[in-house]
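Each of the next two complexes has subunit A plus one more chain, namely subunit B in the first and subunit C in the second.
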Partner chain A sequence: MEWEILLENVLNALAAGITIGCIYGLMCVGLSLIFGIMRVVNFAQGDLLMLGAYAAFYLVAAWGVLAFLGPEFGPFVGAVLAGPIVFASGWVLHRWIVSRVSGLRTAASLDEGHYGQLIVTLGIALILQNGGLILFGSMPRAVRTPLSSSAWMVETGIGDATIFLNKARVISGLVAILAVAALYWLLERTRLGKALRAAADNPTAATYMGIDVDRAHRVAFALGSGITAVAGGLVATYLSFTPFMGLDFVVIMYAGVVLGGMGSLLGAFWGGLTIGFVQQISALFLPPQLQNAAIFVVFLLIVTLRPQGLFGRSAERA
Partner chain B sequence: MTTPLSNTAATRRGALALGLGAATAGAGFRRARAQQNPAEVKVAVLAPMSGPWARQGILARLGAEMAVDDINSSGGIRALGGAKMKLVIYDAGENPERAKNAAQRMVAQEPDLVGGSGAWLSSFTLAVTEVTERAEIPWLTLSYADSITERGFRYVFQCSPTSSAQARQTLPEVLALAERATGRRPRRLGMIADNTAAPQGIVKPIREGEAQKHGLTIVVDETFTPPLSDATPLIQRVRSARPDFLLLLSTAVPDDKLLVEKLNEFGLGQGRLPTIGNGGHWGAPELAQVTNPRILEGMMFTLSNWPGKGLEELNRRFVARTGEPWLGHDSLLPYADMMILREAMERAGSADRRKVAEAIRSLDIRNEGPALYFPSRHLKFDQRGRLVDAVMVTCQWRGGVPQVVSPETIATAQALWPRS
Partner chain C sequence: MLDIEGFSVAYGGLRALSDVSLSVGEGQFVTIVGPNGAGKSTLFKAISGIVPPVSGSIRFQGRDLLAVPPARRAHLGIAHVPEGRQVFKTLTVRENIEMGAYTAAGRARFAQTLERIHELFPILHERAGQLAGTLSGGEQQMLAIARGLASAPRLLMLDEPSMGLAPAVADLIFERIAQIHREDGVTVLLVEQRVAEALELCDYGYVLETGRIVLEGPFRTLISDDRVRRAYLGLGE
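This part shows the complex of A and B:
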């Protein structure tokens, strides 16, 4: 009996860790894209995730644009559509604000524009949080779906041990994997992807080759925003949120990106996945209040033993 | 030559002094009269209006605003010549430091403040009352932490049962409900609590003897750090240990949603495992909006106040006025606080904050006035500023709406407890 309980605990922790880890992975990829290509440390990334959650909420619940898809499919389509909406916001943000403190304009400066970037992105974060409070209100919201409180139950065949696969998270995890695969294809197989990679590797040389580096950075910032927004839309299917939700995720995103290797797209995904995994598995043998402490113990271990991150060398740069 | 001049100067100086004295006396008299019968009396709500707890602050503001409008439309403060009550709002922000800064700003900007209410979160209230106590402002609060009224302060009045009182009251209350409904006394207790002050104030005495005193074995005792990212490990332990009932002591709607949804996912929701939460957030309208109300069905929660029998009209007016689905704990208590301040001013016949505080200390009202807004229908504070006869209210989600199931005097529904 004890053995069955232990088995069930381990299998359920694994299932939860993988599904949540995939969503964390997606948000880390968004941040990694911006850092990898533009070398911009974006403190507003958590708030772009929040915009994604609200975009999905308005599409699915408040305005009911996707109501015809029903509560099972609508929320996930809403999450995907949040991507293009926040992509446009990211484009505007870069065009009018972020480009002033990044790209070729600051390449020659001593700090490469990092001080300005820190202040500007922190400012954007504060504006988005408090602007969100004014626009969206303080009431917690969620994209309601019956799938968030139901599970596919898989009998293990060993006593009563059962694996509960939360339907909303399994679908969200699959959407996250598809989104990362699509992004990987875009970066590896398309002309736009080549331009983005060239702008990341050597902006000056890329300019000589006729690549509009400023535009490439704008695309990268908007893409990173859009990808994180999709993750926000997916989170909204099982968590409730307020305009301040970004604060809870921005630390996870940075930890995932550093864990996977700065600038590595696939590394960021694996970093996010590792965080989700550690968060759940650690709860098996540690008190749940130490879940987040466990993440940072693993984080410190990896940074100490492998400073370049899990995939800092082996994975190709974004 | 000098003498007349000196005499003249002396006379002028005397006249000037006399004039100034008369003017000062006149101004003093007018100020005294103004204080006696001011055109308006200022009261404050200091609560989080921004940051993660903004929703609770906004609910507090809605309750207080309604009370002030009710007071003013019924003639203001009669003992002060019909002076109107004026509400000033201060934002406590998102941490105790900001809350304290807001209190300092409030004290500096509102020298004529008569009293106030706030600041929702116990840690905020602890910080705010450090400031209001020095300024001798009578301060009413719904916060639970015992420490708020353990510091020997004279101007703080706690309108809820303290955390330790809640711990003592919750178990017998829940056990009595279970016995009444099933004829059996539960034996196995599960507890999941977050690590903030209020829930820990409740679980600590339960761990340290209350459970044993009531013949309960604690089979699940988990503490988590909010906000939760996932409730799987917590609910998995509940599924493994199979308690007879579960205390869910979280403090925020996002965690409530995750916990009840995970219970449902694991086949323990919708009353199959009797589950009892604590705090106003368990009855907040937004909980029914962020999760499926069906899975809240049968869920119970205990808290310090809820509008039950006798407050239907107040509830109806609040709904019509604000568009909120119902009047809950977070708005009812600030409403009651304003009514207490009015009662105290009426009794003191003054807007002097010390006299108002003294009047609050001497209140002993049953079944009338502001006492009607408390479940015991008794309003009296003890030496420490704690509400005497502070009774816990138990509510249960029924048909998508929280209903009071205990105490019987204000109950609007019978408690349902699964028989299995």
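This part shows the complex of A and C:
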């Protein structure tokens, strides 16, 4: 039955799109948080993702710190723990480098510090990539889990069509959703989160309230780094990677963030999800080399029709 | 409480304030009036640490304020209600007030101050869940004042609270400011262009013109000064 096979393929692509899309969504949220709070476009975001993948790799595979958790769940705990590790890296990067070209220091300058930020974050990207090459080596790595080669099978009840849900990806997707939910809760409900939003909304007024805007930016940069690193740890469970993996993903992140509307956190998640979706669906009828082309065709379409992004407001906030 | 001495501020070589000295006593209501561009807002920004001075000193309750980082100054008990309101537009009314209470003193007394704020400005209670950006100008001004009050300040600095408001709304705002000073015992430093209303409220006033204090004195002295009457109150000989 020709159509049954087609249906099965489409359903499986949808399932893969949703699970991978959640992971993409998570990495986009990290980038979006940094842009949303600091107004800094971070070109090193892909390399923070790479750091997350290697953090998970060293914790789980190389040093085996998490070996006691077993090969099934150790990798996912490793991915989550990559968050705080890269959070600390982000904190240090901001404290010593990024803060010098951003925040109140440059808010009053003519270009709002964007040229400096471009150069500095690109520089950080190059240093992380090549530093990674020195420290981690060029050999492709992976965080292996037996779950990535087994699946839950869901009978659709339509003929013999069955959906195969790759266990590693489903768990990754769930971890990603939980991480986004936790971040959303932090920003919407806690005093820290509200202070971060106030600092983003009006840095001068925030200072009048007693909010240390530079510190708020540091927290935002570190949080954004950590969130993307968790996504990196999750990617590591189904893909082998090198220190240059960031280059592939930074493109996805930018597309996702712009799709969702710059500065909108949940928008970035939906944007990433959309990208994952389009990528997997396009795999049905396009050769793998053209998958990224498909992403950008859809991207251009949406941006042409809705320049503010799927979830952006039509007017730039003041 | 607040003592400013020999204070000068320059923007790129241009003197915005030169040799300004003024003081605000505990519990006083002090007004600074003057035309546009006289340096009134610059003075407030310098007190809050947003613009650095060229020379001079600011002491707040005997403490050298210039040695305190800008973001720490609110924690000493200084609330700055800025020109043009500057509410957090993407936060709700309630969240704006919570951010006003970012200081330890504000947090400790949040329940009481919130009740007081709703008593002074009932509309803010009604609009608690609304984004501040969707409020009218008058409501935003009320919110800006409420946000200042939420920090449980010792000194409330108000920068042109009547700017761009309809006369009736401006009157209400002035009335509330007087009430806050009278009933809550907050020291008030007010900068205004509506000179008559502003001077009427104050214990002591300063006239600032092109960065210098040209006249100062208690309400009675200022209101009967010929220069003030001619230039600001539109009263003839």
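Assume the second predicted complex is superposed on the first by the 308 of 318 C-alpha atoms of A that agree within 3 Å, B and C clash if a C-alpha of one lies under 4 Å from a C-alpha of the other, contacts with A are read in each partner's own complex, and residues count from 1 in each chain.
Everything below uses one rule, namely that a contact is a pair of C-beta atoms (placed from the backbone, for glycine too) under 8 Å apart; a residue touches a chain by one contact, two chains touch by 3 or more.
The shown structure was predicted, so the numbers you read here are calculated from the model rather than taken from an experiment.
Contact with neither subunit B nor subunit C is seen for A:Ser109 once the two complexes are overlaid on the shared chain.
Look at A:Tyr208: by the touch rule set out above, it reaches subunit C but stays clear of subunit B.
When both complexes are overlaid on chain A, the residue A:Ala195 reaches subunit C alone and has no touch with subunit B. Between subunit B and subunit C, the partner in contact with more residues of subunit A is B. In the superposition on chain A, A:Thr156 makes contact with neither subunit B nor subunit C.
Those residues of subunit A that touch subunit C in the complex are listed here as 191, 194-195, 197-198, 200-202, 204-213, 215, 317-318.
Contact residues on subunit C toward subunit A in their complex (touch as defined above): 48-50, 69-75, 79-80, 82, 86-91, 95, 98-100, 102-103, 133, 147, 151.
Against subunit A, in their complex, subunit B makes its touches with residues 50-52, 54-55, 57-58, 94, 195, 222-225, 227, 229-230, 232-234, 236-237, 240, 253-254, 257-258, 260-262, 264-266, 269, 286, 289-292, 295. Partner subunit B is touched in their complex by these residues of subunit A: 5, 8-9, 12-13, 16, 20, 130, 133, 138-142, 144, 146, 148-151, 164, 166, 238-242, 244, 248, 279-280, 283-284, 287-289, 291-292.
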